[in-house]
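You will see two complexes here that share chain A, one where it goes with chain B and one where it goes with chain C.
Let's look at the complex of A and B:
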């Protein structure tokens, strides 16, 4: 449907926020037969969804401190292994005890896992070293638990795709500027289309606020107060994958105690700092954060000391104060679903927040139940059993892929599951590799542009991993920009887009710009500025835009 | 092994220095890792392109305004014109025909269609002397189907903004299509290897002649002529209209050829090129360097009267930054660099970056400083020098060649 027609319809439900929670809610609502519009101010999974470890928690991390969250986690973990298997890599994880840690905690930990229903198997340090050669060899204890790696970008897109297959409309780069409130009732949203500058109003019977940490701002637009406590976490990505399994520290949760293998790289995190709500849009990583992540990461896997750090990034968890304690002392990490009709006397407005990426599906289910209760819809939730597109029962498995296809096809199946079949590969041009690090073909870019709402290179990176590999988009970003310019028939935008993309990459590289990452930066500058004159082209265009 | 001069680094500056010394009868050894930043060179040399973001039209005059810390100021602004002529002649002697002069910059056309100031440009490349007087109006931009390292849309757009009437025409030949079967084979250097025979060039010329209509000038991506410029001449003799090449994204065929021709010339002059080796440390006696140990020669250090450090910037590992500091990895020479990591870079990727001006500290004769004192027989040239900015000032290749020639004079005269 073209955008103008989307604006004209009235929806059963409008969902604000294109992270995992919003996408999961959109899918659930659509599957229950509701007419759905999802709006996202930036790109899908730009917020906390795209700024975490990519860890599919077993729940073990929370077992000691928050049994309820732990039980939720393991239940969702098992569900995602079935319904989202093309987004999941079943690595398992270790909780290791180092000489400086208290080995007695291991007993407490294993018992708590047992209570939460999490398989926790104590293994000897020797066995841990054998199954995970990168682990700190000084460890004195290890527990094996069912952690796994999950790709949050892919997961979010799969949910959005299924929502759309079931009739939902989704708009990225549409920012909510206000809520339409009439006589104590939310009736829709005021939107700013950031692609063309247009301002529009869209009507819906129920509005769901799934905007993560930005949900406080959204609620305020409706005159409703929610006290959020932003908790910032910084992470580092290393240039290759040193570990096979997730490695955690077996102690009370602390800074930088999880190392997750993700695709071709690995990620250490996270720090945890309370920040003022006004600063949630500033994602710059500080020197202190980098230092602590490196120091602690090396304790988990000593080879990180000599592994290149390719990128640093930070995300903000949307923690919420419970209503009877606005001071924030008893902050919940659990799921919070607020029906503002009951809480604030505002009908037609629901906030779903708190929780974790792991529990996005459950959050979607809870929010959808609340929506359905308002609309008198009694259809049951089926998202716990219905596979996501790409993970159908007959979808090719990773091991099939390894046997049968070229590098590009194999990578595409890894990213898109059975949907990879939609990628054109009938001619030599479609099969041509654009990004050699991640195996992205022209056909896959075409597919992403035409079917996955890709308007720019940053979108494309999230959908396909173009430029996410070791070279961080040195040459492929120019090739991809050029192709996007061609597919979108807008060359001028392609150059600005390329500059924005390089800037975005640089934001993550700058905090770790030493060693090979600094080399890579100088190389990129030599190519794009020295050889190509991109800086000159972009500054000329910016001057023209201003006039 | 005994030589007169050992040069560490086999890129543009190291080869220029090696050739100039060998021509004066010196025995020279170059220790080269094998790759150089010439692979990102589209076929032009720059003396000085920009000051504070403004294009320089008369580089010799502008060089007079540079601060004393700039390598050109160290070798003397009054010497630049003479050294520049010498550099152009050296290139010509090596079989690299470039046009341009140091008194007035011309414009090279980048792979994205941007006009950038340049000092010398390969004869077969598109070059504009005066942006108000274009060499042609109607241009056929020939785009190789499935070749993505020339951003054709951006290039066409840029050429149009310069005032050309551009028709972008996609074409292919059987030779090119067969390369396509391997998804990662479509790179400039692979094309250049494939497109050598007269019949392959004729098939391309036929396409151009059929498709280029009423164009006055035909442009092709620079994917021809790995070893010399005869492929261009052959192609031009087959194409009915004037033909020019446009630089591509790396790997650059033209840059690779410049590197190969310089290396060949150096060897012809009797130079010793240790390919695939790298210097790891040096042995000093007070303010004199006695020998250099390399990775491959191990405990047989290279001894010489003079040594030249031409090891490049961070890209080439002539400079290294770790978590704590910027250093010169072979001799741990003094470097001009900021101490705190936060100062090395700036927030915007296209802003001038402090690190690109970092380099080894030298005296005015380009002698390297160690612990605050100059090493009498160790000089630095090219990108490893501090005080210039190849990216923002467009002075990289000029500094490489001219400091190399200046240092040669110092070594020969024994100063």
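Let's look at the complex of A and C:
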């Protein structure tokens, strides 16, 4: 449907926020037969969804401190293994005790896991070293638990795809500027289309605020107060995997105590700092954060000290103060669903927040239940059993060594599951690699642009991993920009997009710009600025645009 | 630990030092002639990241790699690209049996030993059209190829009978790792080396125990056997270098590279303690001449126009200069130094039917350069380059040692080096 027609319709539910929670809610609502519009101010999974570890928690991390969250986690963990197979890599995880840690905590930990229903198997240090060679060899204890790796970009896109298959509309780059409130009832949203500058209003019977940490702003637009406590976490990406399993510290949660193997890389994190709500859009990583991450990280896997760091990033957890304690002293990591009719006397407005990426589906279910209660819909939730598009029972696997797939085909199956079959591969051009680090073909880019809502290179990166490899876009970004320019018939826009994309890549490299990552960045600058004059071309273009 | 934090970046074969500049792919002879091969950057450091995730990402196209090491020479970041590819192949080949053809091609010494016994028959038979057809269709050894002729007498047999006794009488001494080609196919090269070394006052000695260096075993996936033989050779070399203080000379660039660098990097057989004691003979002789420890006197009537081809592994070691500069000392030799190109044979690679066309396509640039050079013969340090160039250009190909021995005025040289005639 063209955008103008989307604006004209009236929806049962409008969901604000294109993170995992919004996408999961959109899917659930659509599956229950509601007419759905999801709006996202930037790109899908731009916020906390795309800025975490990519860890599919077993819940073990919360077992001791928050049994309820732990039980939720393990339940959702098992569900995601079934419904989101192509987004999950079943690595298992270790909780290791180092000489400086209290081994007695292990007992407490294992018992708490037991209570939450999490398989926790104490193994000998020797066995831990054998199954995970990168682990700190000084460990004195280890527990094996069912952690896994999950790709939040894929997960979000798969939910959105299924929502769309079931009739939902989704708009990225549409920012909510205000809510339409009429006689104590939310009736829709005022939107700013950031692609063309247009301002529009869209009507819906129920508005769901799934904007994560930005939910406080959205609520304020409706005259409702929610106290959020942003907790910032920084993470580092290493150039390749050093570990096969997730490695955690078996102690009370602290800084940089989780190392996750994600796709071709591994990620250490996180720090945790309370920040003022006004600064949630500042995602720059500081030198102090980098230092802490490295210093603590090498205690999990000593080889991190000599492994190339390719990027740093930060995200903000949307923690919510419970309503009976607005001071924020008792902050829950649990799911918070607020029906503002009951809470604030505002009909047709629901906020779903708190929680974790792990529990996005459950959050979607809870929010959808609240929406359905308002609309008198009694259809049951089926998202816990219905596989996401790409993860059907007969979906191919990237690990199937009996199949002779090309590098690009195999990587695409890893990213899109059964939907990889939609990628054209009948000729040399479609099979040519655009991104050599991550194995993204021209065919895959075509598929992403035409079917996965790609407006620019950053969108494309989240759908395909273009530019996420070691070279951080050096070789692929110009090729991808050229394809986008061709598809959109707009070379100037592609050129600007290319410069923006390279700036965005550099932003993440800058806090870790030493050694080979600095060499890499210098070569990139030499190619694009020195050789191609991209900076000059873009500034000339900007001047022309201003005139 | 903390003070060493992020001071260096360590990864297997330096794969993560790659800055994706792609220079390696531009010099890859295979990528230049076929799109079936993704090129060294993709096959090496790029693919490695995915193989670390899941070895199912191993791509069979990696078999097309020649292991010529041109990518490693070109790499500005010191990435051992070809080793990354070899390691991936080794891992993929674990638990798999090599085919009869590959086993036969790989066991250059075993084949040589048998063929020596029946050399005239073997040479005649292997050269016959019907035999070639059978090998082509049944064994997939390309019909265009002729196996190098087998010698009637092994080099070692000749050495023991005719040369061994007198070696102790010389004032200086070296060891010689002759390799399979000299032993079974072309003892003359070994004889030339003995002649040359003796003329400058060096006695030549064989190693206690020498086995095939195993370069063909590695290329054909027979890693266990390669490792066994490597251990034997490493022990013999260590005895020569460490106990007897004798440098080990070689006349084949690929054997040399294998002994020095691939034993530790691919087979895990550490030869780093004796690495400096293994060298190609031209380097040893050049250094002696350069330091004015020996003199070479050449025949006045030696007049030839020849072209020097740098074998890929010779370039990887950076040693072609020794051969070239030594050859330039022959007054009557008009030496044309060819631009470095791969000849395309890469040991047993070009013998395989599935590789024949690619092998010839790769070599075509070199063949054209040779044709343009208008020479009567070509010189190279590698025996398999020799077979390829001889087959493809019709010109004879010689080892630098043979050219030097041929041009040498033996009597004058012996006198100049203070030896009795």
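Note that in this section the second predicted complex is superposed on the first by the 545 of 547 C-alpha atoms of A that agree within 3 Å, B and C clash if a C-alpha of one lies under 4 Å from a C-alpha of the other, contacts with A are read in each partner's own complex, and residues count from 1 in each chain.
One rule holds in what follows: a contact is a pair of C-beta atoms (placed from the backbone, for glycine too) under 8 Å apart; a residue touches a chain by one contact, two chains touch by 3 or more.
No experiment lies behind these values; they were computed from the predicted model shown.
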Touching partner for A:240 - first (chain B), second (chain C), both, neither: second
Which superposed partner A:534 touches (first chain B, second chain C, both, neither): first
First (chain B), second (chain C), both or neither touched by A:437: second
Which superposed partner A:523 touches (first chain B, second chain C, both, neither): both
First (chain B), second (chain C), both or neither touched by A:510: first
Greater residue coverage of chain A in the superposed arrangement, chain B or chain C: B
Touching partner for A:68 - first (chain B), second (chain C), both, neither: neither
First, second, both or neither for A:287, with chain B first and chain C second: first
Touching partner for A:339 - first (chain B), second (chain C), both, neither: neither
Which of chain B and chain C A:478 touches, first, second, both or neither: first
Doubly contacted chain A residues - partners chain C and chain B: 294, 406-407, 428, 433, 436, 475, 514-515, 519, 523
Chain B-facing residues of chain A, complex: 284, 287, 294, 406-408, 428-429, 431-434, 436, 441-442, 475, 478-479, 481-483, 485-486, 491-492, 494-495, 499, 502-503, 505-507, 510, 513-515, 518-519, 521-527, 529-539
Contacting residues of chain B [partner chain A, same complex]: 37, 40-42, 53, 110-116, 145-146, 148-149, 151-154, 156-158, 177, 180-181, 183-184, 186, 247, 249-250, 252, 313-315, 317, 320-323, 341-342, 344-345, 347-350, 353, 355-356, 390-392, 394, 396
Chain C - residues contacting chain A, complex: 1-2, 4-11, 15-22, 35, 38, 41-42, 45-50, 52-60, 77
Parts of chain A lying in touch with chain C, wherever the complex brings them together: 239-241, 261, 263-265, 294-295, 298, 302-303, 305-309, 398-401, 404, 406-407, 410-411, 428, 433, 436-437, 439, 469-471, 474-475, 514-516, 519-520, 523
